[in-house]
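Next come two complexes built around chain A: one with chain B, the other with chain C.
Right, the complex of A and B next:
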């Protein structure tokens, strides 16, 4: 008996001793003191050195978009590091094009703050905050798309532009061991900053969509950060062509709601693509918007209507429908939201109709 | 047994009793990291340092903790823990002192923890009842020997990649194992010069 106790005691003592040694060494060796980060040449913040740039900025309430939460697997958290970045790490190179490497773009989750840094980030990121929200409602829009209504708790309101997106934080559950972040466009009117709506389509085995569709309930808390994105209505007088598919409805809806509120007189057509009638949603609201926006037309199109859909509207791929309706796009502007495949096909059609490259704005699902 | 000197044991560990080529220990990283000369050099140097240092550390732990307390049967687990902690420490120090070296070694540094050659050195050293100085010589020699073997292997594989036409079924690990076997045969030529057993 005594032998066992001695053995256990020795192993424990050794492990604890080594762990303590490592902790002390870690605190002493890794503590390289405070470092100053200069942002955009104007703002200066002081952070504890030795940690990832992404984390250091997050603690200063500056949120860089990141879908993987800092594991270096999404390649979104790019930041231009002008000074003090050191050599490019092997974990960064797969995510950076030669041009980006030339421009000294780095992955902020991999780069550790060792020296004073000078970095450049879009000014808009200063407005990005973390928000605590409560789920005020989850409603079925179609068989696989849910509308999630979130009530802002802390801070109680979010200032955003129609077309922007937020990232929601999925807490650890059966499909994930660590928090993951996924981006969704805000579908509600920017004039109601106290509550936002998201349209989330179920993807089998998708970490976030499974969580939202099968686990999230009314009254649950949900953390999000944002707003992000440059996708928004441009201040011009051109005719507007909106094209969306599936949950790509979200940012377009936000833009349309704003146009209705401001009685925007620009002519606008909205092509919405779905497979069959069961994939169509918010048709009633779009018809109401046709009355509220001075010159607005909603054109839903089904690519594979079922016989009992009794569909009398447009049929065919969304690109074919757009091709039939738009004769000359040279004086128009386009806003696209959907899968990369759909967007690329639509851009091609619009270009054939004479639209300039710089007049196409899109929000691709990643 | 006749007492072997420090230099004799160092020489023996490098050539006649090369831990990799006579005991076939540390095979995993030997095969995995011998594609390029630069990485094999870096890894070889790191293994060399860790082997030398942990053989000394483990000798002290063994002689002053395990033997007096009659806990020799715990040596496996204790040695592994000491090696793991030491590698962590080395990693921290290298990260602080030399950023280029840290970047160059990258993932190989933590991988050393599970290099069985290092545990093998510590175990052989107690089985053969080395003195402190002998243990240090054996640790250092084994590290140098391992580094020598992996660098030689990397050189051969580079040449092979340039001009050899390897049968498809043998590409990668297959041909590497055959080369390792041939190298072991070559090192057998040193046998009989000195014996550490």
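Right, the complex of A and C next:
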């Protein structure tokens, strides 16, 4: 019996010893020390080695757009890694075209900082910041779209261009056990940097939209980062054709509010597609903008109006309505936001009407 | 059929956090090969094939896509909405290419039954006879799927 107990004790001691050894080895191996990241050849930051590049940059307040929070499932967080990146990982290759691979583009959420790196990112990303905000209002725009008004707390203002978007951080709750980030276009006027408005359509079981529609309330704190994106009004004299559906209203509204504020004289038509009257929103505001923007026309269209709607406006798919109204788009430029299917179909209509490929600007996800 | 080493690798890709946040297996404790075999048997019992089910899914997806992101009535039987979110997904079985995160929401108007499937679901059914594990967010129960699709 005594020998048996000794044997058990020896085996336990050996196991504990091995576990400690593994822990020490793990700590020694994973502690690869600080690493230097040179950005755009001019700026250097020192980060703790071993972390994902996306995380390391975020800790230095440099935010790379990422819709999946670093899981490698959105393919957005691409960064040019000029030196030190090592070979491509199997988790990166599906997301990168042969051209991107040749240009040394990497997914920053997958690439670990194990050596000093030299990277290249758009200069605009240096303007991206993290903001603490307070929910100043949540209002129903339709049965499934809410307008969320956020008051900027720290920093107290955000500088953005009409058409850009922010990423909001959804804290852990019943549908997620870790923070999740989702992108939403800013719907409010860039001249009011102390508050922003977002228009968020409910997606059943969507982590972020469920949180916003069913949990978020006035007075809550919400963290966001931004602004991101290059969807913005181009400095030309061409006629403007805006087309949107659903929450795709958001960036178009921001652009129109700016046009009203600056009394932009460019001719502008805004086609907004919805299914029935209950899916329309901000119609009154758009009518007021028709008076505030010198040459602006708002054209809402319903694809399937209900009998009770008593709708006398345009009917049909938005592509059909645009096709009826626009005879020649060769001298115009277009701004589209909404469902990818709607955008692809509208691009085809506009191209058929003579619009040049480079004159179509779009954001497929509002 | 016995689970192979390749099946193990594919199964690992289906776990939470690999391709999608919640994974493709849900709370299903069975081996991937057992899930595939069980659903294959279920489809055979219905007198159907994976190809026929996938073809019907694709037909309804294409019909719903004509709504350009808004719900649309199809054949007076369905209300279908096709929309997408940012991002793409790879096939866990290793097929090349990526699938847009596009979702087709099908409501059978008379029965009130609703199914939602992704572009990746159509591919997984067609190419692999895979309907996801029990409890997975996009699990497509073969019998329910066939019923809503009007195949049985």
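In the analysis below, the second predicted complex is superposed on the first by the 338 of 366 C-alpha atoms of A that agree within 3 Å, B and C clash if a C-alpha of one lies under 4 Å from a C-alpha of the other, contacts with A are read in each partner's own complex, and residues count from 1 in each chain.
The criterion applied here is as follows: a residue touches a chain if its C-beta (ideal position, glycine included) is under 8 Å from a C-beta of that chain, and two chains touch if they have at least 3 such contacts.
Small disclaimer: the values here were computed from a predicted structure and weren't measured.
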If touched residues of chain A are counted for chain B and for chain C, the larger one: C
Touching partner for A:317 - first (chain B), second (chain C), both, neither: second
Partner chain(s) touched by A:216 [first = chain B, second = chain C, both, neither]: neither
Chain B versus chain C as contact partner of A:89, first or second or both or neither: first
Partner chain(s) touched by A:275 [first = chain B, second = chain C, both, neither]: second
Chain B versus chain C as contact partner of A:7, first or second or both or neither: first
First (chain B), second (chain C), both or neither touched by A:244: neither
Contacts of A:338 with chain B and chain C, given as first, second, both or neither: second
Touch list for chain A against partner chain C, complex: 67-68, 71, 73-76, 94-95, 176, 180, 183, 203-206, 245-246, 273-275, 279, 303-304, 317-319, 338-342, 345, 364-365
Touching residues on chain B, where the partner in the complex is chain A: 61, 65-66, 69-71, 74, 77-78, 81-82, 85, 88-89, 92-93, 95-96, 99-100, 103, 106
Chain A - residues contacting chain B, complex: 3, 6-7, 10-11, 14-15, 18-19, 21-22, 25-26, 29-30, 32, 86-87, 89-90, 114
Chain C residues touching chain A - in the complex, by the definition given at the top: 17, 19-21, 65-73, 82-90, 96-98, 100, 102, 105, 116, 137
